[in-house]
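Mind looking over this structure? Questions follow.
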């Protein structure tokens, strides 16, 4: 069990945990949270791989990729949340117009 | 050498305050008392930890940054606890 | 090494507990709160794994802006509508748990075995010794803005596209109808007046530090977005550009990157080829424009999610 | 000439920025002009690759392992050509009516999506493909969301599926990088040796891409998204966006070595594709709405494409002259023909369905009675594209299916042949179901709804594409020669 292995497994665990929760829940907002957790898990695997390759000088290419991954995750989260809020507002209006 | 001892002592004191703050959070009945416990104890704890790290800081700039962190944390904690305390008069379930 | 081991175990349990709670705790508000904790603990994990840039980005972008977006969404609708789940309540979680456990074992085993052909031949070493002829001295920034500049260009396009799509959800696409109520209390205004200058200063420092130390356009942009959101919450409407200036502010980053590409190919050297003398300055200029654009993009994502003023922004499409 | 590669990605991005800033009317004109220019550019690239072989470029002048390489071999040139031609025709169709576009921001989002598609096809770098796939995913979700509040829930589900697929792919890239310490597909191919890590990474990436391509059990998100989208968006999604993730699967399975170690995964994917072909066609038969039927047809046709894996993967390791090698080459060119045929025919079918729905006010089959007399050209387009999808001679799809049948027999996997035949029959069946609704005379006079006027270009563009899909069947030699360029399986004997 070399130095970065525990975080590698933690990353895989987070990715699977987030994916399972995203697939199972019906609540859109919770899905956005699960998506972020899964994304962080995958990025943790990347950083752990960078760390394991050379603990003193971690691989800076992977760090740049993870930075790109974080920015993409926040863009997706911003879009998903805007759509979730709009969908739930429309749902509420439809229920309101039924009563 | 004295600096290391000082750092150790301050760290322990800081962590003690954090522990007290968390204890307050768990034990106190309603929101406002919890806020009281948290803002006071934790901020003091953070201050002590920062003071503990200041002698270990490599340069004066680093020490200044540490103190800046503490100042900002103080301001943020004050504002958020004010907003929480003001906006939630009845018990938050 | 045992102290390191203890630290690792504490960190791993903190991440697992906060992630588990963020995913499975009953209430929505509690879930978002735990997600914020998860974001901060994650920043510590990145620092532990020797990735300061990623730790900065995690704290500023993932825990900062994403946290603000989620909190704003959850305060609008703290309770969820009736659950449309069908079937026994215990079946799906059980299936999920079994499948998840199997996946973790399988992927974990594969990941642990994955080791480079001969250790130390990663792309990292080649980047380190080629960094100095990229115009900047910090390897991560060199990779982001010199070696793999095309990746970063597409990534800025992803962020800009997300904002454009969010704007297309609004009736007028200008966000003028989104109200900006002040906090109607002196204390947050005091915070805004005190914290915003410090944050903007910090963003500027991060931007300039990016060429020699961990930092750069993305972290600085996220910090700037935080400042803009604080101003907007403090009731200052024009902090986040709406109306005529909205789209130029959002698109300026991508436009600058593309113009750089067009200019370099027009000069005949090929796409995104930066000549020797003025590499560093061009990269810094580009990062400055990117910081402003990313700050505007993230702030617009925050404002665009909010409910437009009644009667104007809902339902019918333009 | 290698500047053309990056131009095919950076020009549409620049045009998207311009159209986002311009007012709606000017944006429409600029969008249309740029679309036609891109169509010409992709034809130019196809001719260039056809004549002078594989084109490569390193961006920013950094050599491959450090920088990012762009690479256009036969298959990518063919996909860029398909995107160019279908994209240009659909842009002409979209310029016909604002309702078909769904919203003022159609042009910027569509041009960014186009840039993303070209970026996927030209990328020679694993992580660059991930960023390009995200661009395509978000662009497609944005276009579906233009369909108004009804399409928003479907767009949201599509977003979660697309991002989940990309994350699975990114995890696979992480494993490949851990093993080979490089992101360039060609270099990774040389350093990798088949093993547990390689098979796991390949399966992860395949699952991720299968999610985005709506392969059979993972397809539930596609019908509501593609049928809810505006009239001009559905053809783009079904004909082009779905192909990008399939292209990545092909690039991985034939780029990374040791893929024959993962034969079990390839066969599973083939079986799922075959089940998808039959099941989705049966569901399409029972649909009451035209656009949803066409969307289920996409799920069925995607099943055919994944038959490539079980047929061609054994050929990778086989010696040159062996039966498996012939089967692999036949399957490779057969699926390439099917990809182009589906792209042309499906976009024509979705555009004609959109025009019918727009004219009659709804796409319910019972509301389309008498459409054949009142809108003959559109009905003919629908029929022609149906014939092509069913794979009847002389269409291009027939060429593709015939080569797949030959490949199945050469590889000794005869069980794919009945799937191909039954699939073709069922495709013809649900096209006939659609046509029967149009041929029926409206029983009551009041049922004869007043037709909304439709711009001429919205009738002509799909017709030309449908005719092209059929005519290409006769002239498919050049296409199949193009797809052989730089292919790892070598060229047909």
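The first chain written gets the first letter, and so on, giving A, B, C and D; residue counts start at 1 in each chain.
Operating definition for what follows: contacts are C-beta pairs under 8 Å (C-beta built on N, C-alpha and C of every residue); 3 or more make two chains touch, one makes a residue touch a chain.
Note that this is a predicted model, so its numbers are computed, not measured.
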Common contacts of chain B and chain C, by label, are none
Counting C-beta pairs in contact for C-D and for A-D, the higher total belongs to C-D
Distance in whole angstrom between the CA centres of chain B and chain D is 57
Note: chain D sits from chain C at a C-alpha centroid distance in Å of 31
Between chain A and chain D, the Cα-mean centres are separated in Å by 28
Multi-chain touching residues of chain D, meaning two or more other chains, are 127, 131, 134, 138, 141-142, 145, 149, 152, 171, 174, 178, 181, 183
Chain C touches at least 2 other chains through residues 107, 111, 114-116, 122-123, 127, 148, 151, 155, 158, 161-162, 165, 169, 315
Multi-partner residues in chain A (2 or more other chains touched) are 15, 19, 45, 49, 52-53, 59, 61-62, 65, 68, 72, 75-76, 79, 83-84, 86, 90
Those chain pairs meeting the touch criterion are A-C, A-D, B-C, C-D
Listed in rising order, chain A residues that touch chain D in their complex are 15, 19, 22, 28, 31, 35, 38-39, 42, 45-46, 49, 52-53, 59, 61-62, 65, 68-69, 72, 75-76, 79-80, 83-84, 86-87, 90
Touching chain B in the complex, chain C uses residues 183, 185, 187-188, 190-191, 194-195, 198
Listed in rising order, the residues of chain A that touch chain C in the complex are 4-21, 23-24, 26-27, 29-30, 32-34, 36-37, 40, 43-45, 47-55, 57-68, 70-79, 81-86, 88-93, 95
In the complex, chain C touches chain D at residues 106-107, 109-111, 113-117, 121-123, 126-127, 130, 146-151, 153-155, 157-158, 160-162, 164-165, 167-169, 173, 247-248, 251, 254-255, 258, 261-262, 265, 269-274, 315, 317-318
Residue positions on chain C within touch of chain A in the complex are 8, 12, 15-16, 19-20, 22-24, 28, 31-32, 35, 38, 42, 45-46, 48-51, 53-54, 57-58, 61-62, 65-66, 69-70, 73-74, 76-77, 80-81, 83-85, 92-93, 96-97, 99-100, 103-104, 107-108, 111-112, 114-116, 119-120, 122-125, 127-128, 139-140, 142-144, 148, 151-152, 155, 158-159, 161-163, 165-166, 169, 216, 218, 222, 294, 297-298, 301-302, 304-307, 314-315
